[in-house]
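Same chain, two partners: subunit A is paired with subunit B first, then with subunit C.
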Partner chain A sequence: MTATRRNAAGLVVLALAVLVPPALGEYRTYVLCLMAIYAIGSIGLTVLVGHGGMISLGHAGLVCVGAYGASLLMIRADVSFWLALPLATAIGMLVGLALGYPFLKLDGPYLAIATFGFAVALPEVINRWSAFGVGDPALFGGALGLNPPSPAIGSLIINTSLRFWYVCLAVLVVAVLLARRILSSRWGQDLRAYRQSPPAASAYGVRTRRVRVWSFAVAGGYAGLCGALLAHHLGAVGTSSFSLTLSITFLMMVVIGGVESVAGAVVGAVAVVALQEWLTGQTSNLQLWYGVALLLAVMFLRGGVVGMVQARLRRLRHRDEAEHA
Partner chain B sequence: MMQYVASGLVSGGIYATMAIGIVLIYRASGVINFAHGELATFGTFVVFACWSAGLPLPLALLIGLLVGAVASPCIEAFVLSGLRRRTHLTEVMATVALFLALNGLTLAVFGEETHEFPALVTGPPIEAFGLVMSRQSILVLVVVAGLTLIMAAMFRFTRLGAAMRAVSESRESAELAGLPVRRIVWSVWAVAGMAGVLAGVLIAPIVYLNVNMMIDVLTKALAGAVVGGLTSVSGAITAGLLLGVGESLVAGYVSTQLATPFVFLVLVLALVVRPQGLFGSAPKVKL
Partner chain C sequence: MLEVSGLAHSFGGVRALQEVSFRAQPGEVTGVIGPNGAGKSTLLSCLSGWVKPDLGAATFNGDQLLGQAPTDLAARGVIRTFQNLELLEESSVAENIALGTRRTASAGLLAAIVRGSAVRAQERRQRDTVTGAAERLGITTLLDVPAGELSYGQRKQVEMARAWAAMPQLLLLDEPAAGLDDRERRALAHVIRQMADDGATVLLIEHDIDMVMSLCSHLVVLDFGSVISSGSPADVRRDPRVVQAYLGGAA
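Then we have the complex of A and B:
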């Protein structure tokens, strides 16, 4: 697709996203919000996994950090929701950096295990916080979790899904545009060079250590932002929302959409949430169908949905050109 | 103190039995099999179903082990070989997908109830050296010791063991030397699958049989495998046992709440400080 066509397609989608939801009703809009929020998180994972070639089974842990960070800021420090969003992003980036440094030397399966450990350990630590005897034992709200207040613009309280949808949409648009910027920058090129071959990238002057660590920070930032929005969306923040399954779900979004594209991350989030909603009505055995869907996607959906569409368009164009010639 | 060490050795022995499977598969295929625990759960349920149907327990165990030995190589033969592009990412995703799918399959076939699982040996606990241990616990220790010896003997003295070592050293050279590489890799997966089911049968009487029984065990076995170096079977056994003892000591002297976080602390420290593990060889850089 040419740049102008792509922009036109983007604007059409955006117009639909603004105009259609008022006609959808509360529950469907609620689901739409979830799609947008997960899309933001999965963009972050696309940077790390798709462009950086690093495996993370711990993305839900970073989202958890964002959700708890934002909630604590709002409850304990009386920070407004609007300030909590960028602050949660910053916290996510910091934690991403803190993970990126120690994990610098780890690759492939080793990195998968390390991030897996992080994702499983973080909820355990939060659940058992009082046993550590550090700080306030009720810091994370114990078994009840945390209840962040609803955001407001002046006297307009964001307490319906429709109002929150416009917030999510605005944040998602900014997140998408920013991700495209980041990935088309010099840094994005360096990251892809690193994925192709770390030693070769290094030989061409890419500062591989820095690129790697920052890719964790970018993933963490997006995850933090996603977590802050998710905290409000869920209403109550507890560790059960950030299980290993959520980490796998994020990977699923990235793989189904197409690991390398920002649009793929959004498409993947929409597809996975839709699948989740549909399955919930059909069966209580979600993990079986999740596993089967993910397995089929890994085995047969090369390049994901977006990659397949792109390949189809390219083939059509070739045929057009052949017929005209 | 000694009582804590003894009970830690028992849970550590089960982690070690699982870790053996993870290491064998990693050596043969270069894959971390996140589905290993769920395969074990499925096999354990098969044992339970056969036993409930009236078969004697040893026969049920044999059937379960066979299921493990057949199902495990299928992962390599049908799923991993079916990947069009075999990268670390697709391999990890595939085994993670199987983790979910197998968990769901076990749930669909056997239901979500928790069952009491028969111990392989029964009888009053044995007292020796001032320790009190159930017969099942002693059996675990015997099995781990036996497995250690069998593994060591297999790698050192049998043709299959030598072939396994050759394949994990270099697939290409093993193929050039005329070894039936695919069959060897499948046998390794089969041995690993049996060890997994055995671990499941050993732990089921302790934690009760449930669909999600092995998730926690797999996490700890992964930690054991990594601390031991991922490529070393003896390292995984040693690390699995040490991890169990450490966990038990933390639970006994500090707080039961902190036992699991302790395992993760060890895992992360091991990865950061010594990624090649206590006994493994340094991970190779792929150019």
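Then we have the complex of A and C:
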């Protein structure tokens, strides 16, 4: 797609996203919010997996960091929701950096297992916090979890899904634009060069260690932001929301949408959440059909949904050119 | 000027290089020839930071080359090519060539996000360099094509365009003509000549004797890791040790 056409398509989607939800009702809008929130998280994973070629099974851990970070800031430090969003992003980036350094030498399955370890260990630390005898035993709210307050703009309290949807949409738009800018930059080129040929990247002056570590920071930042929004969306923040399944769900969103595309991360999040919602309404064979749908998607959607659409459009354009030639 | 003296390296007891010394001048193409296993690629790996030799020294314009990381050498204009090309297969030709401009561009994450006027100017320069390099190699029509979809000859051209875009001070070429047909070889020789004329010190490892003889003003002949002859192409061609070790009946 040309840049103009892509921008036009983006604007149409944005207009629909602004105009349609008031007609959808509370529950559907609630689901839309979840799509937008997961889309933000999956954009971060696209940077790491699609552009950096590093498989992470720990994305839910970073989202968990963002959710707890934002909740604690709001509850304990009386920080406003609006400030908690960038702060949770920064906390996510820092934790991403802290993971990126020790994981520098790990690749492929080793990296996947290391990130998996992080995602498994973190909720356990939170669950058993009171047993450590460090600081306040009720820091993470114990079995009840944390209940961050609802955000507000002046006297307008964001306490309906529709109001929160516009917040999520605005954050998502910023997140998408920022990701596109980052990935089209010299930094994004370096990251792709590192993925495809570490020797060529080094031979032409790319600081591969640095770009790798910072790609974890970017993934962590997006995960942190996703977590902060998710904290409000869930109402009660507990570790059960950040299971290994969520990490794998993020990976599926990235793969189904198309690993190398920001739009793909959004499409993947929408598709996976929609699939989950639809299957929830069906009978008992939910997990089976979920599995089958994913299998088919990965087998037949090379380059994800976005990759398939792009290939289609390319073929159409070639046919046009051939006919006019 | 590149000055190599007393370079020695062993891989697990096998001597790949022993007492290798020679000089290469800017604006000239210096050829390194020798049979397979003579140590040519090891020499190139030592000079480009991939292998740290056991002994010896190598300086370029007075700066020590040995013991530096490839990234740091690249930043100083020491650029190598790879026998297996090492292209970015899924990226466009343009992005492949753009990797060459990396050493003269900053690439911080913050710069990417802010994208101030300096960064935008740098992006414009990068695009100009990429276009210029593609024109030199005659591959402007391929700029949007993923490198993985190209023929072998085209892929070699992309690799040379990438090296060109780096504006190297010291260019280390590892068998650039391998696998090319006659027409492609002539075009390649022309590009190498031009890069030397632009002031680069070029070290050419190559099996194509005709190309080496026509391009190089100075030759270094390696055999079993040692320099057995060096000098002008004409001198080397007459050297009986070379005839015996390498050129054989062809000389």
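Here is the rule we use: the second predicted complex is superposed on the first by the 317 of 325 C-alpha atoms of A that agree within 3 Å, B and C clash if a C-alpha of one lies under 4 Å from a C-alpha of the other, contacts with A are read in each partner's own complex, and residues count from 1 in each chain.
Quick note on the criterion: a residue touches a chain if its C-beta (ideal position, glycine included) is under 8 Å from a C-beta of that chain, and two chains touch if they have at least 3 such contacts.
Every value quoted in this text rests on a predicted model; they were computed, and no experiment measured them.
Engineer: Considering only the touch criterion stated at the top, classify A:S197 as touching first (subunit B), second (subunit C), both, or neither.
Structural biologist: Both partners, subunit B and subunit C.
Engineer: Of the partners subunit B and subunit C, which touch A:V49 in the superposed model: first, second, both, neither?
Structural biologist: first
Engineer: Given the touch rule stated above, what does A:G117 touch, subunit B (first), subunit C (second), both, or neither?
Structural biologist: Once the two structures are laid over each other on A, A:G117 reaches subunit B alone.
Engineer: On subunit A, which partner touches more residues: subunit B or subunit C?
Structural biologist: Of the two chains, more subunit A residues are contacted by B.
Engineer: Applying the touch criterion given at the start, work out whether A:V298 contacts subunit B, subunit C, both or neither, answering first, second, both or neither.
Structural biologist: A:V298 sits against subunit B, while subunit C stays out of touch.
Engineer: First (subunit B), second (subunit C), both or neither: which does A:D107 touch?
Structural biologist: Only subunit B is touched by A:D107; subunit C is not.
Engineer: Please identify the positions on subunit A that touch both subunit B and subunit C, taking each partner from its own complex.
Structural biologist: Dual-contact residues (subunit A): 197, 199-200.
Engineer: Any idea which subunit A residues touch subunit C in the complex?
Structural biologist: Within the complex, subunit A touches subunit C at residues 178, 181-182, 185-190, 192-193, 196-197, 199-208, 211, 214, 217-218, 260.
Engineer: Going by the contact rule set out above, which residues of subunit C touch subunit A in the complex?
Structural biologist: Touch residues, subunit C against subunit A: 48, 50, 69-71, 74-75, 79-80, 82, 86-91, 95, 98-100, 102-103, 105-109, 111-113, 115, 119, 122-123, 126, 162, 166.
Engineer: Using the touch definition from the top, list the residues of subunit A that touch subunit B in their complex.
Structural biologist: The contact residues of subunit A facing subunit B are 49, 53, 55, 57, 102-103, 105-110, 112-114, 116-118, 120-121, 124-125, 128, 131-132, 197-200, 245, 248, 251, 255, 259, 285-292, 294-295, 298-299, 302.
Engineer: Can you list the subunit B residues touching subunit A in their complex?
Structural biologist: For this pair, the touching residues of subunit B are 26, 30-32, 34, 79, 82-85, 88-94, 96-105, 107-108, 219, 222-223, 226, 230, 255, 257-258, 260-261, 264-265, 267-268, 271-272, 275, 283, 285, 287.
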